[in-house]
Structure formats: structure tokens, C-alpha cells
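Below is one structure; the comments refer to it alone.
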Amino acid sequence: MVRKSFIMLALLLVLALTLAACGQATTPAPAPAPEQPAVSEPAQVAGNTLATIKARGKLICGVNQAVPGFGFLQSDGSFAGFDIDFCKALSAAIFGDPNMVEYRPLTASERFTTLQAGEIDVLIRNTTWTLTRDTELGGNFVHTTFYDGQGIQVPVDSGINSITELGGTAICVQQGTTTELNLADQMAAVGVQYTPVVFETADETVNAYLEGRCDAWTTDMSGIVARQSIFPDPTAHKILPEVLSKEPLGPMVRHGDDQWFDIVQWTVFATFQAEEFGITSQNIDTFMSTENPNIRQMLGLEGEMGVKLGLSNDWAYNIVKLVGNYAEIFNRNLGPDTPLGLARGLNASWVDGGLLYAPPIR
Amino acid sequence: MTTSASSRSDVLPPPSERYTLLGWFRKNLFGSWLDALLTLIALAFAVAILVPTVRWATTSARWEVIPNNVELFMFGSYPRDQVWRLWLCLWLLALVTGMLWGVYVRRRSFMSLFLIALPVLGMLFTFASGVWVHYAAMIVAGLAGWALARWRPRLMSSVALVGTLLFFPLVILIIRGFSEESFLPGVATNLWGGLMLSLLISVVGIVFSFPFGVLLALGRQSNLPAVRTLSILYIEIIRGVPLITLLFMGQVMLNFFLPSGIVVDRVIRAMVAVVMFAAAYLAENVRGGLQAIPKGQYEAADAVGLSGFHKMTFIILPQALRAVIPVLVGQFIGLFKDTTLVALVGLLDLLGIARGVLANPAWIGTQLEVYLFLAFIYWIFSYAMSYASRRLEVALGVGER
Amino acid sequence: MTTTSSEQHAVPFWRDERYLQVLAQILVVAIIAGTLYYLANNLVTALAAQNIPIGFDFLRLTAGFDIGESSIAYSRASTNAQALLVGVLNTLRVSFLGIIFSTILGAIVGVARLSNNWLVNKLAGIYVEILRNIPLLVFLIFLYSAAFVKLPRITEALELPGPIYLTNRGFFVPWAEPGDGWSTYRWVLWVGLLVAIVVAWVLRRQGQRTGRMPLILLWAPLAFVVVALLGWFIVPGQPLVSSIPVLEGRNFTGGNGLTPEFMAVLLGLVVYTSAFIAEVVRAGIQAVSKGQREAATALGLSGFQTLRLVILPQAQRVIIPPLTSQYLNLTKNSSLAVAAGYPDVYAIGRTIQNQSGRSIEIIALMMIVYLAFSLGTSLFMNWYNKRIRLVER
């Protein structure tokens, strides 16, 4: 009898504890902002991403974990890279602290559904801006952070000098990317027969190429350069001269929340603008006494720019101070002093002949 | 191939108990020409595989990839300063196992076997510093549990049972933690990884699928047509599709099915898919147990006037479940192996971590080493469990009653 | 379940089991229908909120991506539906070949486990115990990335007699290609098939009449081969031309090539499943009582005759049901091909899902495809199982 009641008690406890564990495990529904009563339209619920982030106390950023220079899981378990720095910039703009971010490493195949389902707040995972993605995939792209183009890499000793010489070859490509489609389009355009060998992850793709499974492999130029820097013999490989496509890479947010779209958009612009003004994380405090009204407005010394975004007025100050301007972010992760050694190219400020052009912050 | 020795027409000498080495060879390896040929072929085959493998493993293999990443393999990105919580779970496991052993297994030799096996296994897997303290603690906990059980067998049998039932939810709570400020700060599931995650997913899968599986099995046996049809439909659909499609559905669609605003993180989503999957298979196993119950048991229960519910809970199910325990262990092993599939939907289980490690420029080209290590871990766990299940089968006397 | 006692004293309907049963069923159906409605409603709301369309019209759109291996004509301009069909056929191809080879290998290993030869017995035991206790996915990835991709590069191809070339670009074997006499010769082959079927049927009838079953599996194929050979000499022109693989530039031309992706998936599935089939076969043979074997020996049957006439027919009945579930497992496990880069239906489904964003439709389609495979396999095996049951006397 004693034993039986013991078991009953245990069962009850198990049930209670499990329920507790489950209750803990699911993220509680975001509390609606006090002014607006809970409205039945889901767009309204999806519309307060900022409130959700603030209530949660952290930003959830969908990132890459295996592209050196852009998003990379370091051996101590932390993330680093160009895309990661934009997550940090967002966190700095919202919280005044670049580290209130939870990074969610995503595969190419799952990134859009996680964004659609509201599991991440923003997707910054070298994602190409295309019409289909901007419409049917349930997301909006904010301004491009990195202008890229697709390239094809071959071993130097293969003797291949142009994509027209790729007839009968096997080309390694990653599944579910625009590169897969661009490759098919370009090869059809030049009328070259080839065999695609499609892999689920970038690592597998590169590995198969290095082992000689394919004659060539293709992805964005930056991705090729990033990978090449860690090849056993980087000099044994070359990129073909043709650029297969335009690849504007940038952050993506969910449909239906304009305020959040604006915040991400202007965070990107703030890094452009800071470079244009010559403001860096090192010298920013010397600008606090400036008379230039444009700079004063940006840094929150004048006007209410941050409030208009739903942030505090020192949002841009925090971005630049805690993360840096575009040039700093670029040079830290991709620039000449890194193993990647990328040139600015199209990614220079418009004053230097590049494409980075921020609308006025006023 | 299977020529039996008994077919010889000539009179054989009386069998001797002892063989000389040569005699053993002759009997077991060179019984006939065919046998000799087979032996030689098999030998050539074994040598052809073993020699290059051993040569590679001892000379050119870069085994340092394993010790350098052993923490990643074991628990992924779990915060390093919180790892003591995982050890705590292992101490508890040792304690409960020791108690169960003391209560149910009366032979001392098993206990010592367990105590030796534990640190040896651990030694293989962990190269980190300071683990010896934890192993010592585990041994002490195991011994303490065992001693307690021997000291007060009657009381402790209840305690052990309750402990076993409580153990699993407790582990989840310890690993997950509570709010940031508490004694056990929360650890988000995206930091769970490695072998720990593989084990957790499979344990959750089997534990949570159990009630559903039993209900489905009963539903399939029910004489209510609607209930039966629905059960059969569920079981057959789930069993007809690969686990990967369920996992994919869980990852992609589960959040769409929930009211907007409620977001379930992806470890839980994988667990939901695994539970759905395991329930259908478990139902079929339990049904096997139900069908193995002799008809006389049903009739006897009817004869003493038990209602349908009472008949099931007191007569049929206890017998059926007892009969399927070994099968359930087998299913658990299968599930443990199947958890590798979560790596394909982006979770960092043992396989996911391995793929991550191989992406690290420092370890390019160590696929053989890493995947052999993985196969070894899975093999050890699965083989140990199936060995234990065979012992359990004997201990429970399944098929003898 | 209704007891006679309920008719003796009038029981109010709320305690009458017959009513209660109906009530319980209505309740269960209502709860499940309600839950499903709730989930579907959430889904529709969520999709509408984000402007994601639902429907199968995307299947008619251009796929836009290329596929490495396809058994039908396919290019980037084909539709999504055609792309999926390529995937379905690739899955069928690897599953079908996998089932055949794993049965053969499994039977050999299963018999080897019962061998009196100590070494053979132990090796088979090790084979089974190792493979049964490691995950298939790990095994597949291991095979692909640590074995097949590490084969020699195409320029340093390993040449085996034949010539068969082993490279990490694929295995290239000599193959036969239709020659100028092929169109006529094709009919000869059909005739041969017909003759073989007739021979099998006649022998079977004869066996049933006399009680001495001839070796149908030997004679019927032999009849086919005889007809085929006769036709070879009679039909004018060359029916088949042999084609030898030759390294030309960056690839082999001629012969037939098997990609490492396909080989890795096939070999992985075959080796893994054969370990399970070996256990099924062993259990089946051991289930035949020892007395049967001894009786067969006493009747003077040879070892092979004992196996063919006494052991296997009886073991078969024990073997077929678990064998069926192994076949089903193999078919479902072929979905792991994605890990080795083989474009099966799951891999292509995911690619389309990625390019078009239609997750729900794709998942539904994939489930239907696999359910159809499973249903087909079990229907066939159940039919076969019934057939061998009828033989029982």
C-alpha cells in the first residue's frame, strides 16, 4: 500500500515537473504593448517586433556559422564576422549594448521559414535580394550591406580560362541558393553542358571540390575568396573572369512590421553615414562638440531622430561607438589586414566611387 | 555451407572434451576442403581490411582532432562554467542506478562490473582536466545508492522507483535551469549540443511517446470503429513516411500551426517530431505485447466481472508491457541512432557538431577520424544497451511464464 | 462487450454500454476534428498574415535549377513537377536496387552466421554487430566523404580489368549500346521472356502433379538465355555494340558511369540493411526445427537439397514478414541520400521548397510519395506472403 501511494505521488510529481519544464521551454507570447489592446489581426501582433525584443531582453539574429569573414563560429563558441557585426549594431541601437544578441545559426534551406515563422527577428546571413524572396517568401529586404557577384573557381592547372570551356565538367554548388539558379541560367545562356553536384552545406561543397569530385565550384565572389584563404594551397586556384550574377546581400525582415523594417534599414544607413562623415568608434567622442547640424542630428544632439524610429536618440552614437562605421566593420572582417584581403570595390562609399549612399538622417 | 558433422556415415571416435590447438583448428577451420577454402578467403578478407586500417590508425591518422574538440562533442556550446550541472545529472544517474542495482540485482559481481565499466567508459570519452574528481564522485554515489538499497531494501525499493521516475524531469530542469538570476541560470536550448542533445532527444522521445503509444495500441485493438480507424490511420501514416520528413515538417510548419506569437524553439520542435514518430512505432510494439496475452486472460477477466477499463489496467496491460520491455529497449536504441537525423535540419547534435568541427579550417581532411569516433560512440552506447536488454530479458523471465 | 445482464434489469441509457460506446466515439471524433480545425485555422491565419499563397500551381512553373543525374529528359527549363518526378524516379532506382542487393548480401551473411566454420561465423557476427549498432546517417556520410570522395582523381583513375575505372568522379564500366539490329532484336528478347514464363509455368504444373519440384529458377532463365543467343545469330546486323569508357579531356566518354553519390547511397543502404536481413534470415533458418533437418538427412537428401526443399520453404514463412519491414525501412531510409548529395525526392523537394517557398505543399507531396512507396511494397509482400502460405499443407 505504501509503495502504491509512493508511485502515485511520484507520477504526480513527474507530471507537474514535466509541465513546468514544458512551460519553461516555450517562449511566452509577447505581451501586447499597454496602449494597444490585443487585436485579433495577427499583423498587429507581428507588428511589434521591437516591443517583443525589448520584452525578451535580446535580439534574435539568424546568421551563418561557417562562412569565414561573414558569419563564423569561433572555437570558443562565440560568433564573429561582417554579418555578425550588423547584428551587434542593431543590438547597440536598441539596447545600447552590442552583446544583447542571440545568434541562431541557420542553413541556407531553413533560413526563410524560420523568419516567416517568427523564430528570428532579422535574417543577416549573406542572403541575396531577389524579387521572389522579397514577395512570396514573406520577407522584406532592407538596404544592401554588401554588393557581391557570383564567381566560379577552378584549379589553376585545369587550364580552364572561361566559363565557355566548362563543357562536360562537374560543378559543385550548394543546395537551395540563388547560385544554383544563376549557374543553370548562365550555362544555358552560353550553351554549355555540365553536371551539377549539389550539396546541403557549403563545407561539403568546398570539400568535394578540393577532393577533385568537381572541376569547379561556384558561389559568391566573397565566399570564394573567404574559402580560398583557408585552402591548403590558395595559390593553386583561380576565379574565372566572368561574373555570373548580381548578388546584393543584405538583412531581411518579416513582412508586416514597418517600424522594425525602418530600424534595421537605418541601422545600416547609420554605418554608411558615419563613414561619410569620417566618424569612427575611436574619434566619435570628439564629434560630440561639433557644430555641423547634420552630425548633431545623427548623434542625437539635436532633433529627435531616434524617437522617430522608436529608439533612444543616441541610437546612432551607440552603433558607431560600440560597433563602428561601415569601413571599420568591413576592414575588421574582410579588409586587407584579414586573411580574406578583399578590396572595397562596389562597397566603397559613394564619395569614393562606390555604391554606399545613405539618405540624409534628418 | 552448413554441412552438419552428423551426416558422416563412418563411425566417429567418441568426442573428447579437450582439443589440442591443432585439433581445434582442424575441427573449426579446416573441416573439409570447402571449409578450408572459406577460411582462407575469410582470412584474406580480414587481413585486407585490418592491415591498412591499423597502419593508418597508428601512423597517419590525426587523432588530436578528438581530444581537442571533446567538449564540443560531448555538450556542444553549453556554457563552460555551467558544465558542473551535467556532472550533477551523471552523479544522480549513478546514485539511482546503484539503488536499482541494490534492490533488483542481488549479485555483487554485477555491481563491481558496473563500477569498473563506468570510469573506463568515461576515460575513453573525456580528456578534459579535473574529470577524475567527477568519476570518483560518481563511484561514491553509485556505491552509496547500492549500500542504501542493501541496508533498507524494502523502503529503498520504493525510493528507487520514485527516483527513477523523477530522474528524467529533474535532469531536464537541471540542464535547462530557471531565470537568469537564480542558482541555476537558464541555458537556452540553442546552446545544447553534442552527445548530451542526442541523448536528451532520444530519452524525451521514448518517455513522452510512451503514453501516446499505449493509447494508440489500445485504440487499434478497440472495438469502437471510429477510434480504431483513427488509430490505424495515425499509426500507418507515420510509419509510412521517413523520419526526416516529419522532422522537416516540425521545423518548417509547427510554428505555423500554433497561434501567432507563440514560438517553440527548434530543439523542442525536433522533440515533438521525434515523439510523434516514436509513438506510432511504440504502439505497434505494445500491440504485439497485447496480442501475446493468451485469450484465457481476457475471458477470465470477463468471468470475474471486471469492466473493460479494469480489465485493461489490471490484467492485460501489466502483462503486455512486461512482455514488450526488451522490445522497447530495442526501440530506444533505434531512436538513439535515428536522432542523428536532427543534424539534417540544422540541430547541433553529435553529428551536427562533427560536421561543424570538420568545417573548421584547422581540421580539414579529418573526416575518417571524426566519423570513426562518432561510429564508435554510437556503437558503444547501442551495444551496451542491447547487451543490458538481453540481461533484462533473462532477469524478467520474459517468455518463461 | 455488451453483456446479457444489461438486458435483465433496465439500465438507464447513460450507463448502457451501447450508448456509451457511441457517445465515446462521437466525443473522440469531435475532439480530434476540433483540434485539427484549430491547427488548420492557425495555419491559414498565419499564411494570410504574411501573404504567402497556398496551392499547387507552382508545380507548373519553371524549375530553374539543374539536376546532376536524371533518368528522364530534364533541363533547367522543365517544370517543378518534372523535377519532382526526377526525384521520385531516383528514389525508386536506389530503393529497388538496394532491396535486391541487400537481400542477396543479407542471405549470404545470415547463412554465414550459422556456418560451422569458426572464422566465417565470427566475421559474419562482427559484421552484423557493428552495422546494427551505428546510425545509418553516420555510416552514409562516412562512406561518401571518407571513402568515395577520397578515391583517385579522374586523371589518376584506378584501372581494373574490364576496363573498369574507379575515380572519385564515378565508376566507369563497359556497357552495351543498341546497334543497328536492336529494333528487331528487342522482339527476340520479348519472345525469350515469354518462353521463359511458359517454361516456368509448365515446370510448375509438372512439379505439382508429380510432387517432384524441378529447379524452376535454373531452367526458366536458361530458356531465356537460349532464345536470346539464338536470336543473336539469326537477327541481321549488330544488335548490341560494346562501348568502352575512355578518358577524354575532363571526363570519361562511352561505357556507363555511376556517380559516387549514387554508389555511396546504394552501398550504404545495402550494407546497412543486409546486417538486419542477415538476422532475419538467421532467425528464420533457426526457427526450422532440428528434426526437419535430421529427417531430411535420414531420407538421403544432400545438403543443398535439404536447404532448398526442406529448410528454405519453411524458413520463408518466418522470414517474409520481418523482411517486408526491412524493405520498407530501406525505402524510407533512402531519404537520407541528401547527406551524400544524391538527388532523391527529398533533396529535390527541399530545393523546390527553397526556391519557391511552398513548404506545406512540398511536405504534403513528399509524404504522399513515400506513403505510396510503402503501400506498394507492403501490398506486393503481402501478396507474396499469401502465396507462400497457400503452399502450406
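Letters A, B and C name the chains as they come in the text, with residue numbers starting at 1 for each one.
Criterion: a contact is a pair of C-beta atoms (placed from the backbone, for glycine too) under 8 Å apart; a residue touches a chain by one contact, two chains touch by 3 or more.
All figures in this text were calculated on a predicted structure; none of them were measured in a lab.
Novice: Could you tell me which chain lies farthest from chain B when each chain's centre is the average position of its Cα atoms?
Specialist: A
Novice: Comparing A-B against B-C, which pair counts more contacting C-beta pairs?
Specialist: The comparison resolves to B-C.
Novice: Determine the centre-to-centre distance between chain A and chain C, using the mean Cα coordinates as centres, and give it in whole Å.
Specialist: 42
Novice: If you average the CA atoms of chain B and of chain C, how many Å lie between those two points?
Specialist: That pair's centroid distance is 27 Å.
Novice: Please report how many Å separate the Cα centroid of chain A from that of chain B, as a whole number.
Specialist: Comparing mean C-alpha positions, chain B is 39 Å from chain A.
Novice: Among the residues of chain C, which ones contact at least 2 other chains?
Specialist: Expected reply: 45-46, 49, 145, 338-339, 350, 353, 359.
Novice: Give the residues of chain B that touch two or more other chains, as numbers and ranges in rising order.
Specialist: In chain B, the residues touching two or more other chains are 252, 255-256, 259-260, 344.
Novice: Could you list which residues of chain A touch at least two other chains?
Specialist: 42, 46, 113, 116-117, 200, 207
Novice: In the complex formed with chain B, which residues of chain A make contact?
Specialist: Spelled out, the residues of chain A in touch with chain B are 2-3, 6-7, 9-11, 13-14, 17-18, 20-21, 24-27, 29-30, 42, 45-46, 65-66, 68, 73, 75, 77, 102, 104-107, 110, 113-114, 116-119, 200-203, 207, 210, 230, 232.
Novice: Once bound in the complex, which stretches of chain B touch chain A?
Specialist: Contacts found on chain B: 77, 80, 157-159, 161-162, 165-166, 168-170, 172-173, 176, 178, 186, 188-190, 251-252, 255-256, 259-266, 268, 344-346, 355-356, 358-361, 364.
Novice: What residues of chain C sit close enough to touch chain B in their complex?
Specialist: 1, 21, 24-26, 28-29, 32, 39, 42-43, 45-47, 49, 111-112, 114-120, 123, 129-130, 132-139, 141-142, 145-146, 293-294, 297, 303, 307, 328, 332-333, 335-336, 338-339, 346, 350, 353, 359-360, 363, 366-367, 370-371, 374-375
Novice: List the residues on chain B that touch chain C in their complex, please.
Specialist: Per the stated touch rule, the residues are 1-7, 28-29, 31, 35, 38-39, 42-43, 45-46, 223-227, 230, 237, 239-245, 248-249, 252-253, 255-260, 308, 333, 337-338, 340-341, 343-344, 351, 367-368, 371-372, 374-375, 378-379, 382-383, 386.
Novice: Of all residues in chain C, which touch chain A in the complex?
Specialist: Touch list, chain C to chain A: 45-46, 49-53, 64-69, 75-77, 145, 149-150, 153-154, 168-169, 249-251, 259-261, 338-339, 341, 343, 347, 350-351, 353-357, 359.
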